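Following this message is one structure expressed as structure tokens.
Residue numbering begins at 1 within each chain, and the chains themselves are lettered A, B, C and D in the order written.
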Amino acid sequence: MEKDLAGKGNWKKFLFETIYESETFLGKFFNVALIGCIILSVFIVMLDSVEEIHVRWGRVLFVLEWAITILFSIEYLLRIFCVKKPLNYILSPIGGVDLIAILPAYLSLFFIGTQYLLVIRAFRILRVFRILKMWNFINASHTLTKALYTSAIKIGVFLLFVVVIVVILGSVMHLIEGGKHGYENIPRSIYWAIVTLTTVGYGDISPRTPLGRLFASAVMLFGYSILAVPTGIVTSELIKSAKSKHADSGQSCPACGRREHDEDAHYCKFCGGKL
Amino acid sequence: MEKDLAGKGNWKKFLFETIYESETFLGKFFNVALIGCIILSVFIVMLDSVEEIHVRWGRVLFVLEWAITILFSIEYLLRIFCVKKPLNYILSPIGGVDLIAILPAYLSLFFIGTQYLLVIRAFRILRVFRILKMWNFINASHTLTKALYTSAIKIGVFLLFVVVIVVILGSVMHLIEGGKHGYENIPRSIYWAIVTLTTVGYGDISPRTPLGRLFASAVMLFGYSILAVPTGIVTSELIKSAKSKHADSGQSCPACGRREHDEDAHYCKFCGGKL
Amino acid sequence: MEKDLAGKGNWKKFLFETIYESETFLGKFFNVALIGCIILSVFIVMLDSVEEIHVRWGRVLFVLEWAITILFSIEYLLRIFCVKKPLNYILSPIGGVDLIAILPAYLSLFFIGTQYLLVIRAFRILRVFRILKMWNFINASHTLTKALYTSAIKIGVFLLFVVVIVVILGSVMHLIEGGKHGYENIPRSIYWAIVTLTTVGYGDISPRTPLGRLFASAVMLFGYSILAVPTGIVTSELIKSAKSKHADSGQSCPACGRREHDEDAHYCKFCGGKL
Amino acid sequence: MEKDLAGKGNWKKFLFETIYESETFLGKFFNVALIGCIILSVFIVMLDSVEEIHVRWGRVLFVLEWAITILFSIEYLLRIFCVKKPLNYILSPIGGVDLIAILPAYLSLFFIGTQYLLVIRAFRILRVFRILKMWNFINASHTLTKALYTSAIKIGVFLLFVVVIVVILGSVMHLIEGGKHGYENIPRSIYWAIVTLTTVGYGDISPRTPLGRLFASAVMLFGYSILAVPTGIVTSELIKSAKSKHADSGQSCPACGRREHDEDAHYCKFCGGKL
């Protein structure tokens, strides 16, 4: 705000406002350009992996790629420079993603293949939520994240069950099809069981014997029934979180100031004071 | 209503009642015939695209197609003529669909291939809701549209996450399968990731290496877990909208002022006062 | 109950109790045997369609099939004979199924192929609910049926949208893939669109061009999002019906005797009397 | 607790605490080692089924496998020895799994192929819930199990409907495709119907005729609609159980007797009395 002051401290502040916030015009411009660069960079890696494009445009893409990498490196250094607690930024998830977004390019100088890891830059696209500052978006994203987080444990337990079941089903199928028709070994049969139970159904491995088909049918109907479980978990969590959000917007107790009262409450449930 | 009046204004009114409303017998007949023509027209385009039918019946279908196009053109002009604010109609979504429904036919005189775009006429089938005027249908459709609209933002946020994840997963799979077995480049690998994560599972591209299958299994189980998210969003919105519909239509008690009465309530359930 | 009475009327009653009800020992035995015959009959048709089994056991199955058909015919005639209002039974859905269950056998004497329609007998298996008279089962089935029935209209509206969308998507894909790779005509492309949107994904038709794959990816992500809609509809209906069922179990008003009061109600919402 | 006492009874107690509980250090160590052995054992069976690994490491895996089997046998005998009511343990589900986990190894001495059944050991992994004693996990698992159990009957009824429908659909498809293109017999056509209705969609059997594709499209759209049913059932059960859990654990107000207090409530929300 006090830009008339000279010196390094002011530059830092100006940089911070431009890079980290998007209130000022320059800040907005910087952040939109950043998102543009991220998307462009991901597209370059994608296109470069296509044989025909690599042959014809490989050198242009290579130069562009390095130009963006250098820009990102400068941006990373500036971020460290202008933030108050650089270590906090470096160790934060967003700082980690920023580092990982430039590292593979430098690693590709020594190791072949690592340049493909540059698509990890795609994660940086999620920065878009920051810039947009559209409350609807952020709110929606927040509710989702919260409900998914609460569901995560339950779905984890469920997945453990699924893994155990899938190991059993795969092994039984290996026995039934007699180690033929793609069920040559148990890991491959387990792969089939996962493909079937999740209703993906590639069809690269599918039962050929009548008994195998009967068993596969049972597996499919079973998968059909338990498909409902993660959905049920997430849905009930979302409904719960939607309700608790509702409750949050209720009044706060005049006596103890606590919230989270039900809508039909006449007295504070924590201190007994009249609402 | 006052049809005994002569002159152009009356004709306009008569036309309006016939074309736009479906209260009168002629209006009903016109609208049912219109739906019939739309369905017939879509079927003609579909059948004409089949080689064997095109060879044998191509000329008949061509004549029929143009007959319907001319009918639709006349209908469109009449709609503009008899409506009070023609510009409003032309610029409205329904007017746009009506125009798009006839345009490709005329364009096909100059450009090859555009005649297939005539299937856009299929959108006009949705007019059926207007004619039926079955309140259940319209109501159901309305609740759906509203809940879908509210869900749209959240699902949009979720899809952005999915796109980012799919880009990463596709690239990792490209590395794992070593650019073989259909994973020749990253865009194709991303296509595979989408096919897998949405549980469509064509099987045109599927992992062949053990490590690829292990990774694919993880992707499937992950997709299995997040499949629940859009469902959860839509379901919780539908439940919310169902509740708000219920609550909204309730009156408040004149005696105690409380709400949340059921629609079939005659007396306040809290104080017993007459509603 | 008064079995000591002689004559035709008594026989009718005895038959009725045995065939229609399952309170008596003979009634239970008859109905269990009936279910057994139905399942056996369906299995015979299924097995007879298998080439190898038909060659070796065809004659045995043929005899068994006709034995069961004759038994079913006798049963049908007895049902007409011993019921009070035969026409009501004949025209009821259950009577229709009973007739359809024997008709194809006789038709197969004149027309080839109709014997496969005998599997319609499978519908008779649903009689099992009647015999079991397990209230949990019937209740579960009832709630399901009711919720499905209420959902049916909404899902119908949704399916109309889906059909319109699928026609458009199929036609666009026909244009994109240039009438090749299985997208030879629009009906086939629509078939592909349905296979993709419902996440079945056979893979018998799948995009080959980059643009086709991009479009297919969009279709899949779209299908992924709207997959949630029928689920959301059914779930919200089930929750609603579960709630209304809950309300049913509440107290009945001492004044007017009506039920369906909310749990937090102090006064009857219909007559205002104290609960 | 009184470990200073000597004799057999004490040993039993010490063993019991170590094997069955995981409070003591040794108990924790034992149980973690047990889970490790189970996972190792399952991996050995899986790897041994892979041809290349079997050829090179077959003997090592064989020795390891028998070492673990003998360890499990000793553990089983110790469990019987140190538990108070050995018969209860042997006949309990967990005791059954423990026995089944070692039996196939001994059976494989007499019968070929049974060694694959050793993957049933995978079920023992679920013991992990016992050891972790993380209440969140157990609670999540408990709510899930309860809701799934309540849903089981309804889903059972639904699956019976699905089986009947699938038999009919398969037979009709057998007729439509004229016993060709993989629909050679009714059981195979039913297999196709299950693959389609559950949206697995291998594509090993898929319609080839236009009429077959039309019918398959109808089946898919139908499957799409009823896919929602098991999900709806589980979700509504989960929501119900979430609610009842909330309500059940609440106490009733000593002053006004009302319930429905939240778990964190200290005062009645209706009259303000201390709970």
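We adopt the following convention: a residue touches a chain if its C-beta (ideal position, glycine included) is under 8 Å from a C-beta of that chain, and two chains touch if they have at least 3 such contacts.
All figures in this text were calculated on a predicted structure; none of them were measured in a lab.
Interface of chain C with chain D: the two copies contact each other largely through different residue positions, with under half of all numbers used appearing on both sides. In this assembly, A is the chain whose CA centroid lies farthest from the centroid of chain C.
Separating the centre of chain A from that of chain B, both taken as means of CA atoms, is a distance of 30 Å. With centres taken as mean Cα positions, chain C sits 41 Å from chain A.
Chain D has residues 187, 190, 199-203, 227, 231-233, 235, 239 in contact with two or more other chains. If you draw each protein chain as a dot and join the dots that touch, every dot ends up joined to every other dot. Note for the complex: chain B touches chain D at residues 199-203, 231, 235. Residues 42, 45-47, 49-51, 113, 116-117, 119-120, 122-123, 125-126, 128-129, 136-137, 140-141, 143-144, 147-148, 151, 155, 159, 162-163, 187-188, 190-191, 194-195, 198-204, 227, 230-235, 237-239, 242 of chain A touch chain B in their complex.
The part of chain C that touches chain B in the complex is made up of residues 153-154, 156-158, 160-161, 164, 167-168, 170-171, 174-175, 179, 184-187, 190, 196, 199-203, 206, 210, 213-214, 216-217, 220-221, 223-225, 227-229, 231-233, 235-236, 239-240, 260-262, 264-274.
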